[in-house]
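As written, the chain order gives the labels A, B, C and D, with residue 1 at the start of each chain.
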Amino acid sequence: MDRQLIARRLPRCPARQFVLWLLPWTALLAFGLYAAGLCLVKGLNQTNMDNRFAFGLWIFLDLTVIALGAGAFFTGFLVYILKLKELSAVIYSAVVIGFVCYSGAVAVLLVDVGQPLRAWFTFWYPNVHSMLTEVTFCITCYLTVLFIEYLPIILKNRKLRQVPSFLVFEFQLHKLIYVLAGAGTFLSFFHQGSLGGLYGVLRGRPFAFREGFAIWPSTFFLFIISAVAVGPAFILLTTWLVSKISQRRLVKPQVLDLLGRISGLLLSVYVLAKTVDTLIWINRTSPGSGFPAWQYYSWNPFGTWILFAEIVVFGLIPALILLIPRLRRRTGWLVSAALMACLGVALNRFVLTVQTLALPTLGFDQFVSYRPSWQETGTFLAVVAYGVLVYSFSFRYLQLFPQERALEAAPAAEAEPVEEEPVLVGRYSL
Amino acid sequence: MQTTRRDLFKFAAGSAAGLVFTPVPWRLITDTALWSENWPGIPRPARGEIHTRFTNCALCPAGCAVRARCVGPQPVALTGLPGQPLCAFGLVGHHLPYHPGRVTQGALEQAAAAIAHRDPKASIAVLDLRPGRTASWTYRRAMAAIPHGLYLAPKRISPAVNLADAKTVLSFGAPLLEGWGTPASVFAARERFRLVQVEPVPSPTAALADLWLPIRAGSETALARAIAQLLRKQALPPEVAALTGIPEEQIVSVARQVAENGPALVVAAEEFPAMSELNRLLGSLGRTVFPRREAPVPESWTRAAAPVTTFASVADHSIGVLLIDESAPDTYLPWSVVQKKLVPYDPLVVTFASSRAGYGRHAQYLLPTAVYPEITSDLPPALHSAAATFRLAAPLVAPPAGVVDPPTFVARMARLPLTPALRERAGAIHQAGRGTVSTWRDGKSVPVRQVKFDDFWSALNEGGCWIDSQGPQAPAPQMESGSFADPPVEQSSLPLVVVTTAVPQPFSPLLSKLYGESNLRLSPGRIALHPETARQCGVTDGARAALETIRGRAAVQVSIDSGMPPGVVRVAATPALLDLCGPSARAKVVRV
Amino acid sequence: MTRYGMSIDIDRCTGCGACMVACAVENNIPPAPEGAGDRKGITWIRVFQVNNGEDGSNRKSAFVPVLCQQCGHETPCVSVCPQQAVRVDPQTGIVGQMPERCLGCRYCMAACPYHARYFNWWDPVWPPGMEKTLNPAVAPRMRGVVEKCNFCHGRWHAAKERAAAQNRREIDPGDYLPACVEACPTGAIRFGDLNDRASVPARDARQDGSFRLLEKLGTDPKIHYHSRQGWVRQIASAPSGKEKARG
Amino acid sequence: MRNRGTFLFLAGAVAALGAGWMGLPYAIYARRAQPVDFSHKVHVEQGGLKCNDCHELRSDGSFAGIPRLEKCAGCHAAPMGATAAEKQFIDRYVAPQREVPWAVYARQPENVYFPHASHLKLAGLSCETCHGDHGRTNTLRPYQEDRISGYPRDIWRGMKMDTCLECHRQGSRKNSCLECHK
């Protein structure tokens, strides 16, 4: 059975080895599901969140995961809309990753709310002024889009292809792909932004509150840029990781290089924007609402170092590495830069979620700290395990990397050097 | 042709598609959402006609008037009268019948038998934690009827205190603004007097006092003596400042304030000689401190009644049988103090209580009593009411089966004729014809002379209050100091001085709002330490620790409070912890 | 249109906690289960003890009751709720929370600068028998939803009902007081219609020494505080970097 | 046959539709008969009673709802008429003074606040506006309760929030949740 499911001329590890690989992750998933079950049955008293720390590990996870999942829509956008054909080498993998991230995030959200049975109220009685409404709508829609994008990849499976109607169906879906990519892009832009807006609109939390234009605070745009910046970086990271684990060459080096370059470019834009935004916030927004900015950093451990780490260490530095061709060509530098970029965004989401809530607003209130309970951590790990499992199966039974076969055929491929000709995006050069 | 798996798939797919166009899925998500509104675990308040009833709060000696909002027979909210609100504890008195720690079963017959077979030579005593009630008279009569019978009060019945006329109040740790008297009247008076609070720890009263003297714990007597000497125009003993930790000039200025800005009043958490001496020197006796006429008593009672003996003045190891009435809690004597008076060989201790939290932990028999608002009892006049009063804690709900009425039990034990004592007492008051009776429903107050007894009695049972007319000013009480001793200063090597903050018992679980869900009050079983002291003891905020005194050790939880003086441990004292700490204790705190 | 509001005289508050208990009784708020600290409990009104940071007899303390400030402008919690579970009542100006509509996302709690919103971390449990003492005018909430002060809306209903029984549309002001106001032994908390310049809170709000919490946020709270002591005003009205509080 | 698949698919669809539309009402509601066979008709026409004679509005404006036994016993201390229902009522409830465990058709969810006072006195609505001809029925139909949500079926017949809002939205009237919820 296993053999017939694996595509021809794509050698995969023997079934036993695969099962061994699955075991720990399955165990983790089981444990996580138990933890999540506790939270659903016994209520959120199982977590260490409280009235001051209304959000915790889970929201941080959602924000980060969705930012990293941005690779899916952005690659789709580059490939199908901007006709950046090189990247079609990773597009399927990107879709799977996106699907995993988003479905995971939604699952955790359902555990996180106190009354999951009422979650659908948001669609029935939406409050159009709430960023969260926007997020809910876009994420659910986009999750559907991702699922539809995922379908053809599944249907390409060797066994499923034997069903003629599936083949037809898949072919039809393929005609849709441009529409889907477009829709995905549109939706993603919005909810990535709205996730940022989520905090930017909190006028009651001057640490997070930002000005902006029209109804969108600056964080709205910062989140979009940071998401599209790390999206490719994360794809790069995962592709590299997968090829290390599976010990197979999956894509041409140029592809990773290109991903790195795009990421670097956008990251530098982000760093610039973030710096400007921070300056405006420190000198105008925050004092305007009666909060001198220095005091946010007067509480340990959240000193100004965190600002520095966020903007310089995990922002500027990876951006530079990714922009300098010589460094980028070295896989070590390339990958670690990508990693740093991802960490940077994670840190940004962490600061906005945790530090915002930890800081007191009232003069006689205290700075509070929070450590997730094992149930929270368990649920968190379940999402990771779920991701790994889905991706492992997809990688084994579906063809995620179109170039893989060719690269196997021509082992010389890696020998030829990456020549530095500009990549043409449509008719613009990047 | 046989059906293949694929056929089943097709059929299933079809029905799935069809189902979407039926109300089923949509009805399911709607109903489950609605179900979340009344799934198991959400109690439903009983509906019914809402009406108002009146009674008086029996939780503390202040005895505030209570207006109860009832749904059918069940009180659902207690409030004070307009302008006379209740304290936090009184507001939830109606929860007490359902207190998880409540005891409703006890070995009544066995207890009676055990008492009957006591050693005739050793004395039998009733310890009445709240003297001055009609029940107290029943006890006194019973003890008079029994050979070797003793009627014990925890301490001297303190004279009436007139806050309203005081201009300066010097308080030695008296919780003046924390349920010391009827909140409304205290705060009304508060507008007019200057409050000097002498207290080692920053209690709410200290926080709100005009002047707080953070005295070194245990040196209150020394300060009082020093001020007395200043008032006698004698020199200030040099060591006082060092002893009390209060600068000389401040002591002098306080002495001047109380002397010049009179009428002054000196009060204390626990009465002690030097304090009474101060009141005498300041001439407060008869102005801000004076004895109160007691409400009329049938003189058949007065003829045969045992004298009131203060617990301290009983000979050690003399009590064979001790009956303790905890049904109306007030002062709690640490068990070590009580034990000293009991005969060494198997003493018999019977306590009337509604929970095991108090003496029930030590007594052989715990006889369950009704709790407020089930009890029918009268209330001694509030500390600060100049005139005598008589009001009933009329029951709002019926007590459960199996509870004991302590005076009835004692009366039966002494073979007294069982008569409705409260009604008799009311009769005596009505006969005397003094004073007025106020009813809350109509807010009227009429002279007793003008009401028939039955109306008087029913008025009392509807929470009405009889207030004595201002009789001839009684003579200033002799308060010769030394009539009772200072609390013994305990010699021990333990590093920390204990300051206890009494926790009213019992209290509704809902007070978790004050104790657990906010840090407004130090919750029972918690101790407060200065950060520095805590560091020396090696404990951190919220940590579990053990409190050790010469009487033993108990598990406590630590709260760090920068307002605490170093070297002092403040204990939110449940009876168990009071037993541990005793009258005045030193302790050490160890990490566990 | 009325605009109900409060004035709280910090100098009169003795921190007795009667308001907190009266509130819990009136609004069917259960006692906290074992292990619920001051950050998982439910206290629609909570009294904080603040001090001036000095030691010994220089130490000054005050008590600050904090409840939902009933923000009038850009009400932070209203705009963020994804499913309209929070609304400002146009007739009374009261910010209402609708537990049955709430899905428990807690976004409003993150949005509230006064930490005046509380989440039901547990099922509401009273000791056996005590549920008989629940107030029929208020529906108990279920686990997993957010709740907060609504000026004892059940009492407003009752007042309207009494008025209607006498064919009156308008309630007379004295007939509607939140539980905390009624319970306060020192009369530190006063309640009334801020639109009526003659009402007690309106007059208190105009006297000097009165202020509102975090006024610069521009949320226009309807709770006006007052204190003659400068340090109290300083601590209570503005944020501060150092720790200054217990409670 | 070629289109066997299509046929099967359609068959499934039809089956589901049938079950969904026909079966649901029976599946989802629990039915139970009222404890006493009570006739509003008789009380109104022969007894000449009005609604508020029994379902009274108290002085504080609160609504008494279904009268308690003492009210019924006021007239029915002894059997009036010889019907079996009457006899049963006397024996089961009046004689032993047991409250009748009526199931309330119009019982709103706990979180709903509906003041009869303002609707009757201020808005001048008649009982029929919401309760329909319930006051003229001759027998009490079985009480139906949603098995999942636990709410009576009848509040879905003309006593839903939408129904309230139809009136409350009229004119420039401003609403808020807490006006009708508690």
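Note that in this section a residue touches a chain if its C-beta (ideal position, glycine included) is under 8 Å from a C-beta of that chain, and two chains touch if they have at least 3 such contacts.
Values in this document were obtained by computation on a predicted structure and should not be read as measured data.
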Checklist entry - Which chain lies at the heart of the structure, taking centres as C-alpha averages? => result C
Item to check | C-D compared against A-C, more contacting pairs | outcome: A-C
Item to check | Inter-chain centre distance, chain C versus chain D - centres from mean C-alpha coordinates, in Å | outcome: 37
Checklist entry - If you average the CA atoms of chain A and of chain C, how many Å lie between those two points? => result 40
Item to check | Interchain centroid distance [CA atoms averaged], chain B/chain C, Å | outcome: 29
Checklist entry - Using mean CA coordinates as chain centres, what's the chain A-chain D distance in Å? => result 53
Item to check | For chain D, residues that touch 2 or more chains besides their own | outcome: 58, 60, 62, 109-111
Next on the checklist: Using the touch definition from the top, which residues of chain B touch two or more other chains?
Outcome noted: 32, 35-38, 42, 44-45, 47, 50
Next on the checklist: I need the residues of chain A touching at least two other chains; which ones are they?
Outcome noted: 115, 118, 121
Item to check | Residue ranges of chain B in contact with chain C within the complex | outcome: 36-39, 41-48, 50, 71, 74-79, 85-88, 91-92, 94-95, 97-100, 177-179, 183-184, 187, 202, 204, 207-208, 211-214, 250, 508-514, 516-521, 561-563
Item to check | Complex contact set, residues of chain A against chain C | outcome: 43-45, 49-55, 112-116, 118-119, 121-122, 124-127, 129-133, 136, 198, 201-206, 288-291, 294-295, 298-299, 356-357, 360-368
Item to check | In the complex, chain C residues that touch chain B | outcome: 14-18, 20-22, 24-26, 28-32, 36-38, 40-43, 46-49, 51, 55-57, 59-63, 100, 123-136, 138-144, 182-186, 246-247
Item to check | Residues on chain C engaged by chain D in the complex (per definition of touch) | outcome: 85, 87-92, 94, 96, 98-101, 137-140, 150, 153-154, 157-158, 160-165, 167, 169
Checklist entry - Residues of chain C touching chain A in their complex? => result 33, 36-37, 39-41, 48, 50, 64, 66, 74, 76, 79-84, 101-107, 109-115, 117-123, 142-146, 213-219, 234-245, 247
